[in-house]
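My structure is below; once you've seen it, I'll send some questions.
Note that the chains take the letters A, B, C, D, E, F, G, H, I and J in the order they are written out, and that residue 1 is the start of every chain.
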Amino acid sequence: MLFHVRMDVAIPHDLDPDVRAETVAREKARALEVQRAGKWPHIWRVVGQYSNISIFDVESNAELHEILGSLPLFPYMTITVAPLTTHPSDLAVQ
Amino acid sequence: MLFHVRMDVAIPHDLDPDVRAETVAREKARALEVQRAGKWPHIWRVVGQYSNISIFDVESNAELHEILGSLPLFPYMTITVAPLTTHPSDLAVQ
Amino acid sequence: MLFHVRMDVAIPHDLDPDVRAETVAREKARALEVQRAGKWPHIWRVVGQYSNISIFDVESNAELHEILGSLPLFPYMTITVAPLTTHPSDLAVQ
Amino acid sequence: MLFHVRMDVAIPHDLDPDVRAETVAREKARALEVQRAGKWPHIWRVVGQYSNISIFDVESNAELHEILGSLPLFPYMTITVAPLTTHPSDLAVQ
Amino acid sequence: MLFHVRMDVAIPHDLDPDVRAETVAREKARALEVQRAGKWPHIWRVVGQYSNISIFDVESNAELHEILGSLPLFPYMTITVAPLTTHPSDLAVQ
Amino acid sequence: MLFHVRMDVAIPHDLDPDVRAETVAREKARALEVQRAGKWPHIWRVVGQYSNISIFDVESNAELHEILGSLPLFPYMTITVAPLTTHPSDLAVQ
Amino acid sequence: MLFHVRMDVAIPHDLDPDVRAETVAREKARALEVQRAGKWPHIWRVVGQYSNISIFDVESNAELHEILGSLPLFPYMTITVAPLTTHPSDLAVQ
Amino acid sequence: MLFHVRMDVAIPHDLDPDVRAETVAREKARALEVQRAGKWPHIWRVVGQYSNISIFDVESNAELHEILGSLPLFPYMTITVAPLTTHPSDLAVQ
Amino acid sequence: MLFHVRMDVAIPHDLDPDVRAETVAREKARALEVQRAGKWPHIWRVVGQYSNISIFDVESNAELHEILGSLPLFPYMTITVAPLTTHPSDLAVQ
Amino acid sequence: MLFHVRMDVAIPHDLDPDVRAETVAREKARALEVQRAGKWPHIWRVVGQYSNISIFDVESNAELHEILGSLPLFPYMTITVAPLTTHPSDLAVQ
């Protein structure tokens, strides 16, 4: 089941630099882990912004929330979620 | 080169039903044509809305505009475009 | 799997009155049908507005879109969808 | 009398961690207390957000404000309230 | 129980003039009727706009919706409702 | 001359608690003083929000600004002002 | 007493051309009349828009509403009003 | 003197096709005329939208308004104007 | 050449009080200086807000930016600028 | 390939003044470097704002993001990007 997720990151400028670096590193590790599990098939950078647009493929709403909440940058992100479904004009379903 | 495109369709309710049906049919045919050419790798329906979220893979801005402008529903759509690039946490680029 | 859905209805004032009445009647019939199937556990009227706030309980995003798209007033509604999950402070999960 | 309430939580990142933990714990205790009193029949987590969507069942506007203002996270929440009433297509009122 | 209600009126310019005049006349009659019943203690015109800001005093959400829905201009108004309660700095409650 | 005023209060969370308490106390005293002078006939709490909706009855724009600017919480409030006038459907003017 | 008023004009494109021309002509005549009475000391065109920004000098809110409502284009305008007062840095009041 | 101008075109779908075609043709002719006069040094199409972003080089605000108002599509465009000046990091002014 | 300028002031609450007082004093001095030069013919306070609405009369965009940037409160203000021109219904141009 | 980019700068007021000055100096140096490389053909100051509107001429989305991300003020800027293409009414393409 696919979801469109946009994450806009805004780390407070006065966050301790070590905490910041460590959090960003853990974020990347966790992101790779979720991708390896096949749950996060697409992640793109939005040009000019500290943001990503992603597609998640999960079993349920609960699983999606668990994944997003497990991201170390979660407290510093504005996240919007849109449930997706197959488009009738998708070549794959003709 | 990837672009994130969202299309929200709003066909006027008083459009002639035949024109409407014919336009929607041509839209689908054109969408499939662009997908077959490898320019439109993803198209999803946004749940609950007459909208799609798509990824386009084109050579240039000009090519993207040419494709979008060629869609028969173009006059009835609100389209937003965001250029994408590789995300540093994308598993594929590690 | 629960979804929060808000529907704001805006039927064009120049729609044929008979078409309007018939569409509204079919909308109600369809709404009751989906409720009887256990897919639409809550529907409330928002005070002062031609709108409802609803909770849907479905198997998948696809099923939700199919239900919403089957509503006769779908072409005249602005619909927003938010996926829900269990809240950790919900008494039922303590 | 039912009200739809959305609460978006934004605890300042530089709040003392102990104060934060203690406040969140008190919030949960108070939320359970209000639910046990039958005043807060539904609370859901919005996927991807530090937010809940809730239904309150109270005697009056005054009671609702008293409950919301008693929540320990009240100073850190953006709260929107919409009064609800029975929907004419609700299966329960046919 | 008090509610703050704002009504912005937008009658379509191509509505039949007689229908318009008759609807506006019925709106006024109904507004006076609700005021006489003590349910609508305040109504003010917003300067420069075809809008009013009103205070309603009703028994319940349901009663408020019934009153607003009974206004002949209801289909042409955007209505926003905010539940009110006593302010702790109100001179009347010291 | 009547004005509709909404005040949304947002005191910075890191304001000294004593300063905060003292400012809030002075705000209440000043609010009562203006009410006693007959200049602030209505003040209501908006349910779920640290906000009030008020009606002021003043001689001029200048007097209204002088009153609002004299409120101790003025630096922490977002204030919106709408001039009001008699509504033609007001029962009192029939 | 001064008010800042912005008027954005949007005449429906399908309005009868004669009605339109006649209404615009009456609008101008009425605008000149109010200016001659000293009630409308400033009117400027906003570059690139069918809009004006104006300053009105009136006795009361009621008078301002009466003037604005008397403008023949009133039904086709979005009007915003902001009450003004003397600025403490105005050279004229030093 | 430079101005940044964005024009979003929205021709009503029920405009007579001949009027539409003729207006669009006159728009192009006028746009070329202004460019030839050196007043409109840049015009770009925004990808995916019936919009342009332009730079105008004019003597005064009045001249800019005169040009924009002379465009045959003016009644169907939403235009936003931002005055520009030299940027201190512009290579040309080092 | 006239410009409509709105300035909304938001001085951070934790700015050093002496710096604040000194900056506000310099702002007033500079504002008077520009008015004396005939460049700032109107400045009004917006009722209920730490904001002004002003009219500037300058030779060019560059001069306007130079003036606005020279205001000591510039770093703490949100400024919006709209170029103005003569209105065809202005009594002065009949 | 052209892109329209707007950058709004908001440096936190409590940033260390030396860090601020050094960052702004590096920003200018980098901006000049990119201009010298022919990648940033236009940069204008928006009157009254700490903002620029720019045109970039790059090979790809990736290159644009690399450039924008290399700007020392990137963490303090809100950046919006719009892909551009040739306008059919551009004099240069007739």
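Note that in this section contacts are C-beta pairs under 8 Å (C-beta built on N, C-alpha and C of every residue); 3 or more make two chains touch, one makes a residue touch a chain.
What you are looking at is a predicted structure, and each value in this text was computed from that prediction instead of being measured.
Trainee: If you take the mean of the Cα atoms for each chain, which one ends up farthest from subunit D?
Mentor: So the farthest one, by centre of C-alpha atoms, is H.
Trainee: Which chain is most remote from subunit A in terms of Cα centres?
Mentor: Greatest centre separation from subunit A goes to chain G.
Trainee: I'd like the Å distance between the centres of subunit D and subunit G, where a centre is the mean of that chain's Cα atoms.
Mentor: 45
Trainee: How many angstrom lie between the CA centroids of subunit A and subunit H, rounded to a whole number?
Mentor: Those two chain centres are 39 Å apart.
Trainee: Could you state the distance in Å from the CA-based centre of subunit A to that of subunit D?
Mentor: Using C-alpha averages as centres, the distance is 27 Å.
Trainee: For subunit J, give me the residues that contact two or more of the other chains.
Mentor: Only 2, 14, 45, 47, 61, 64-65, 81-86 qualify.
Trainee: What pattern do the touching chains form: line, ring, star, complete or other?
Mentor: Here the contact pattern is something else, fitting no line, ring, star or complete shape.
Trainee: Going by the touch definition at the top, which pairs of chains touch each other?
Mentor: Every pair of chains meeting the touch criterion: A-B, A-C, A-D, A-J, B-C, B-H, B-J, C-D, C-E, D-E, D-F, E-F, E-G, F-G, F-I, G-H, G-I, H-I, H-J, I-J.
Trainee: Any idea which subunit A residues touch subunit B in the complex?
Mentor: My answer: residues 2, 4, 27-28, 31-32, 35-36, 42-47, 52-53, 55, 82-91, 94.
Trainee: If we count contacts the way the header does, which residues on subunit I are in touch with subunit H in the complex?
Mentor: On the subunit I side, the touching residues are 1-3, 60-62, 64-65, 81-86.
Trainee: Considering the complex alone, what residue numbers of subunit C touch subunit B?
Mentor: Per the touch definition, subunit C meets subunit B at residues 5, 12, 14-15, 61, 64-65, 68, 75-76, 79-81.
Trainee: Give every residue of subunit D touching subunit A within the complex, in rising order.
Mentor: For subunit D paired with subunit A, touching residues are 13-14, 45, 47-50.
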